[in-house]
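By letter and in written order, the chains are A, B, C, D and E; residue numbering begins at 1 in each of them.
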Amino acid sequence: MGRRPMGRKRKKRIKRSHPPGTLPGTLVAHAEADAAPVQIFLFSYDTQRCEERVLRPEEIATLSVPENGVLWLDIWGLSDPGVVKSVGDRFGFHPLALEDVLNIPQRPKVDRYENHLLIVLREVRYPEETEQVSLFLSDRLVVTFQERAGDPFDSIRDRLRKGLGKLRSEGADYLTYALCDAVVDSYFPVLEKLGEEVESLEETVISNPTPPILREIRGVKRQLLEVRRAVWPARDAMSELLREDSFLIRPGTRVFLRDCYDHTIQVMDMLETYREMAASLVDEYLSAVSNRMNETMKVLTMIAVIFIPLSFIAGIYGMNFDHQASPFNMPELSWRYGYPLVLIVMAATAGVLIYYFRRKKWL
Amino acid sequence: MGRRPMGRKRKKRIKRSHPPGTLPGTLVAHAEADAAPVQIFLFSYDTQRCEERVLRPEEIATLSVPENGVLWLDIWGLSDPGVVKSVGDRFGFHPLALEDVLNIPQRPKVDRYENHLLIVLREVRYPEETEQVSLFLSDRLVVTFQERAGDPFDSIRDRLRKGLGKLRSEGADYLTYALCDAVVDSYFPVLEKLGEEVESLEETVISNPTPPILREIRGVKRQLLEVRRAVWPARDAMSELLREDSFLIRPGTRVFLRDCYDHTIQVMDMLETYREMAASLVDEYLSAVSNRMNETMKVLTMIAVIFIPLSFIAGIYGMNFDHQASPFNMPELSWRYGYPLVLIVMAATAGVLIYYFRRKKWL
Amino acid sequence: MGRRPMGRKRKKRIKRSHPPGTLPGTLVAHAEADAAPVQIFLFSYDTQRCEERVLRPEEIATLSVPENGVLWLDIWGLSDPGVVKSVGDRFGFHPLALEDVLNIPQRPKVDRYENHLLIVLREVRYPEETEQVSLFLSDRLVVTFQERAGDPFDSIRDRLRKGLGKLRSEGADYLTYALCDAVVDSYFPVLEKLGEEVESLEETVISNPTPPILREIRGVKRQLLEVRRAVWPARDAMSELLREDSFLIRPGTRVFLRDCYDHTIQVMDMLETYREMAASLVDEYLSAVSNRMNETMKVLTMIAVIFIPLSFIAGIYGMNFDHQASPFNMPELSWRYGYPLVLIVMAATAGVLIYYFRRKKWL
Amino acid sequence: MGRRPMGRKRKKRIKRSHPPGTLPGTLVAHAEADAAPVQIFLFSYDTQRCEERVLRPEEIATLSVPENGVLWLDIWGLSDPGVVKSVGDRFGFHPLALEDVLNIPQRPKVDRYENHLLIVLREVRYPEETEQVSLFLSDRLVVTFQERAGDPFDSIRDRLRKGLGKLRSEGADYLTYALCDAVVDSYFPVLEKLGEEVESLEETVISNPTPPILREIRGVKRQLLEVRRAVWPARDAMSELLREDSFLIRPGTRVFLRDCYDHTIQVMDMLETYREMAASLVDEYLSAVSNRMNETMKVLTMIAVIFIPLSFIAGIYGMNFDHQASPFNMPELSWRYGYPLVLIVMAATAGVLIYYFRRKKWL
Amino acid sequence: MGRRPMGRKRKKRIKRSHPPGTLPGTLVAHAEADAAPVQIFLFSYDTQRCEERVLRPEEIATLSVPENGVLWLDIWGLSDPGVVKSVGDRFGFHPLALEDVLNIPQRPKVDRYENHLLIVLREVRYPEETEQVSLFLSDRLVVTFQERAGDPFDSIRDRLRKGLGKLRSEGADYLTYALCDAVVDSYFPVLEKLGEEVESLEETVISNPTPPILREIRGVKRQLLEVRRAVWPARDAMSELLREDSFLIRPGTRVFLRDCYDHTIQVMDMLETYREMAASLVDEYLSAVSNRMNETMKVLTMIAVIFIPLSFIAGIYGMNFDHQASPFNMPELSWRYGYPLVLIVMAATAGVLIYYFRRKKWL
């Protein structure tokens, strides 16, 4: 992930992998997918035990689901469509569902097939790129596909290993809830970071409104937009999952899914607050810039205005009226204190103008 | 509450206490919760009597709900998760519900569990911080959790003690209504205060539009936004409560809940009016600032423009044409009244320009 | 009503009378209610006859509803909660409904109680204050509470007295319709007045855009907002009344209620048109102001620019090069027509500039 | 129709004819209705024949509906309420429906009465005034009321006369569809004209942004708003008509009504596009004006700035330092080529400044 | 397609072909339809075989639908209404549906007739004009009408010819899905191109904000608006198709239609992102222009302000006070180093001003 995240991400995220006219259900690796080899982690657990190991792709075809437990396949990397295909073949997942796994980015959603559900969510890991998490829920089986290594599931793995909470004693639907909740919970720290950026921009906008800030604001707004594109449909997906009356989700798990749905709404709330703040930042920037500009223009114009009458006075006494031809022609020029007097008059004029400007609060 | 409310509040309010990956149902004190010790107040009443006392945490486990009356536990402070846990254990509240009590801030909502309801509301006490009120309604039982000491329930306690109204003769659902209504009613004075601020800003914006006012406007807008974040979901919660067909709410109480729902709508109405007024304040500020700026620029430019022709005249008579070489070369210079005449011409020019500007209403 | 309507109204309208924590169903006079004594008018009519008289408060308790006719109590003034209470006691109205009568302002609404309906509407009488009309519809009974003397019901009273139309031969529901329709119809002349104000502002904004106009626009916008706050919920109330399947409203009356509902929609239509026009007024004001400003600046700058080159020419011939030291040093100064020539050059320069500006349409 | 359409129309359109408090069902001519005498055209047709004649008002009372055909009364002009009344009496139309015919303008709508439907539409004939078309559909009967002579129904009359299409073989509902469709279709040419105006304004706004254009834009926006007020409710009316399960509309006709409904949606689409274009015109105008202003200011300021250093140079050599008192005092004044040199320096300064401005793209 | 697409397209797209009052179901060629001759391609296939040939118009009347396969008629060009009519006659399509084929542009929609569906979509081929695709789905039959040659169906034809995927083994509904999906998929590359334009404009707006860019922005915004007009109703159409419980669409095909619906939502997402970006481009342009203008004004004013005090100093020493008449009268003029001193003072003044401006960040 050494590349600059923002520029590239935007371009990549927005592109679908398949050219138009591709056969539906075609499984090909995404053109810009990470080339890193696929890693497969198996968790097979029930109340008593928890087996955890790394799987070779060839083993998928012969996997079996534990009688009274749950099997969780966690697959990192989408560079090998063969893995996706063999998972699909082994567990009977629908070709269109498998295509959605590879054809990133999908909009977060819940798709119901005859005997399995596909839940697509989007993990947000700022400043890294966002990542698609595709989760299959079937009978005693959960399969997750992730684009890259690194995820927010470590605490779940820990709970599985150590038998914390009721994760091991509940079924695949509870694991599904736990995974979804982990994805949703990971939005909070990202939002907090973005929120801090918005707040720091708020201060900078007033103290030092320069054009680069506008670009930073635009950057944050885009980040927030991207989070929004991940969260808004996730909320719908969670709401749908909550109402889904599939046999795969037991009533007891619904109360937990509602909790997860509540979290998405809280995220939306925070998000909209930050978006509103970011939107008003632009106005404040423009207002601050124009304030500054006005300030500048005012001071400059003032200087000009003060000197104009002074120059006018100097101009008068630069006229060449012949003071010898007539006593009315600028007799001041040969007064003893003519010059000092004029200087005093000039200083007084300047003083009066400055005082006037100050009283009018223009200075 | 001696600290500056606004800055801190915003930062705190927006943070969730649990780090991502926390076990669901984990009960830990909120990181920024007040450390003040938890206080527990018990009201146990029926039509005839009303017992009121302070409870020690150890007593919770052995509490019993009165046969024909209502038990109200009012708990102040969230610093001790043990209290929340023992309340939950004693009365069989769902772990997720208990988590919502501690994991502030929650969005106002109504969550229905098998034999109890959780109602989350947000108390707004401007300029103090807002505070979460979590209310459990179960059979003959109401439990309220508040973040801090201080609440709008004093009149309810009084009515319980003195047996005013029909509070003591009605059930737990009526107490629930009374408590919700008290929270909602407490929005009105806050809104009135904010409304007065908006109105005073309205006058200042026109009489003295300086940058600090923009910041004050932003402050009020944020306060209104915060109230909105409390009220909007509260309205939905009340509406849901109204339609809830739980056995916990008797039909006779619904008409009161509808009244409470009406109040939330009235709050929304006031709120939106103030928000609209506050939003237009920014426009008015900008318009006032630019008016003022224009005013300034106009006067300044005018001064400049008046002196420019005068300086030009002075410049002409500062030319060194040799009036001895030709009778056409500035004979004015040696006229008897040349200089006074020029001064008169200048004064006339200035006068004409000023008159012209006045007639054009530029001055 | 001799007081200035706008300032006071806004403050009053937005305040609820009850302090938070008031016992629900408490009947106290609104703090800012008119202190004028309550007046009670009784209409008791059937197809044959129509009795009309003024009632003393004591008589309420012993009132009886006519067997085959309709009783209409029309009560003006809310200064005496005792009257409201005795009406409620006599006819069995719900305490919350009675509270809504006194606790002004209520949002227009229809509340259904066991055997009566409460319809709250808001009468708009520009430039006087708006006023709440609370209407109880029960079996053969209509009770209306109004804040003050003066209402749009005179034509209804007339129709009752003279037996015009089918008002006397229809039931209480038809009277309810007639009263609601009278309230809704009274919005039209108010809107027409406001519309005329908007249109006259539209012309002033272009011919004479001064800051006070902005304030007038704001005033009209607020008036429109107030009407909107009266009409929008009234529309919902009418729509609800239309769909209400209470035994109190006979099918034959529904077609009339639909007509009344249609009127509220027409009011909304007009209102939104005026609001849109008023909103664009601000933009036009700002555009006109800046146009005017630009105009000013342009002319002023032009004057400055024309004189600058002229002053420059004068400045050149004010240089003191020694034309005796060299034949190249400003020989013009001693030419016979040097001075007139320079004046001509100056005039030409000014002419050319003016011509150029005119052609560029800057002048 | 020789009067200026826009000004008068707006004022008239927005006024309702009845003063508040009018008896419901009162039939009076609209105060501003055209005074032209009412014209009544009768079409009585079935598959075989089509009778067409002008009817005298007295004949209405004795009209009979053909056994197996359709009777279409087309009435032009609303100046005589007696005609409306006798039509209502003859065919049993509801008084409120008849009132809607006279009390223009009504919002487009469909009102269902016991055995007839009232369809109100608004004909748009730019630049003439819009006109209300009220259509009664009853058993084998269609009655249309129009405000004035002139309508888009000529092609329908032609089809009736010549027996084109299946109009004569279908029932009254099909005629209703045909009439509604004709009204809706007549929106298209109006919109096209308005669209052309918007497009021509778009070009003018950039080439010649003067204040009158703003007024023209406002005019077009208002026209579009007026069409919108006709079309938007017409769409709802059509949609309602489509879903209406009255015996008056046979299933086979529904597919045609859906087509008509589609047309209203297409009109809305066009309309919203034009409205969006017109809205952005104002922004473009303001941007063009300010561009132009900036342009002006830039050139003017530039001229000023170029001359300022030149004047400064001239000012230096206008100083009266005594070059005989010291060899350091302005010896240039007595150089042989002093003056030409200074002129050259001035020209060079001006050249450099102009070059600099050009390179900075300010010129 | 050699003509300039944008200007002409907008004008054409928005015009309906039929003049108001046209007989419903009238089939006439669109006035601006391409005059190119109609081409008809037949695909008749089942699992085993696939017949593909060009059809002459006369053959349509005698066509038969294969027993166990699917017949796909693909018709290019709308210049001959006779072809549309004979297709309609042969397969019993409703006249209104046929009219929609010819009367372009129709809004994308799904219309259900007794035994066939009409699906109207809009193909977007930037920078060429958009094109209407009308698809009839009947029992074992699909007929597509396209405005011109060129479509995104080549890969489907290929799959039919080579028997790739399950296209040949599924029914007419699956072919319908494949065609719709091909149209929807073709939006992606167009959007990507427009997205690239938006992004390149984003850079240009900051580096070189000139008026033509505003026009380019407007162009892109309009393109996006046009795509939106194609996609938004297409989404509704797909959603309707998904919920359509016609016997023509088998349950197994629904999951594919849902996929297609998902794609339209993805397109909407991308579209709205680009639209938001394009909308903010205008603001950025205006901000960049005003920044640039401010920049210019600032530098220019600064130059002016620096020279004004200098000119004032020069003006002072241009005064003609008689230094022989008094020792106080400008003795500097005859100092030995008077002139150099004044020059130094001037340079110092300029330096101080420049330093001051730099420190204030105005320079």
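In this section, a contact is a pair of C-beta atoms (placed from the backbone, for glycine too) under 8 Å apart; a residue touches a chain by one contact, two chains touch by 3 or more.
Bear in mind that the values here come from a model prediction, so they are computed numbers and not experimental data.
Trainee: For copies subunit C and subunit D, work out whether under half or over half of the interface numbers are shared, and give different or same accordingly.
Mentor: different
Trainee: Taking each chain's centre as the mean position of its Cα atoms, how many Å separate subunit A from subunit B?
Mentor: Here subunit A and subunit B have centroids separated by 26 Å.
Trainee: How far is the middle of subunit A from the middle of subunit C, if each middle is the mean of its Cα atoms, in Å?
Mentor: A distance of 43 Å separates the two centres.
Trainee: Please set out, as single numbers or ranges, the residues of subunit D touching at least two other chains.
Mentor: Each of 297, 301, 304, 308, 311, 315, 318-320, 330 in subunit D touches at least two other chains.
Trainee: Under the touch definition up top, go round the ring from subunit B by way of subunit C and list the chains.
Mentor: The cyclic sequence of chains is B, C, D, E, A, beginning at subunit B and stepping to subunit C.
Trainee: State the interface residues of subunit E toward subunit D in the complex, per the touch definition above.
Mentor: Result: residues 14-16, 18, 20-25, 94, 96, 99-100, 106-107, 109, 111, 113, 211, 214-215, 218, 225, 229, 282, 286, 289, 293, 296-297, 300-301, 303-304, 307-308, 310-311, 314-315, 317-320, 323, 330, 332-340, 342 of subunit E touch subunit D.
Trainee: If we count contacts the way the header does, which residues on subunit D are in touch with subunit E in the complex?
Mentor: It comes out as residues 152, 154-156, 159, 164-165, 178, 181-182, 185-186, 188-189, 192, 195, 206, 255-256, 258-259, 262, 265-266, 269-270, 273, 276, 280, 283-284, 287, 291, 294, 297-298, 301-302, 304-305, 308-309, 311-312, 315-316, 318-322, 325-326, 328-330, 360, 362.
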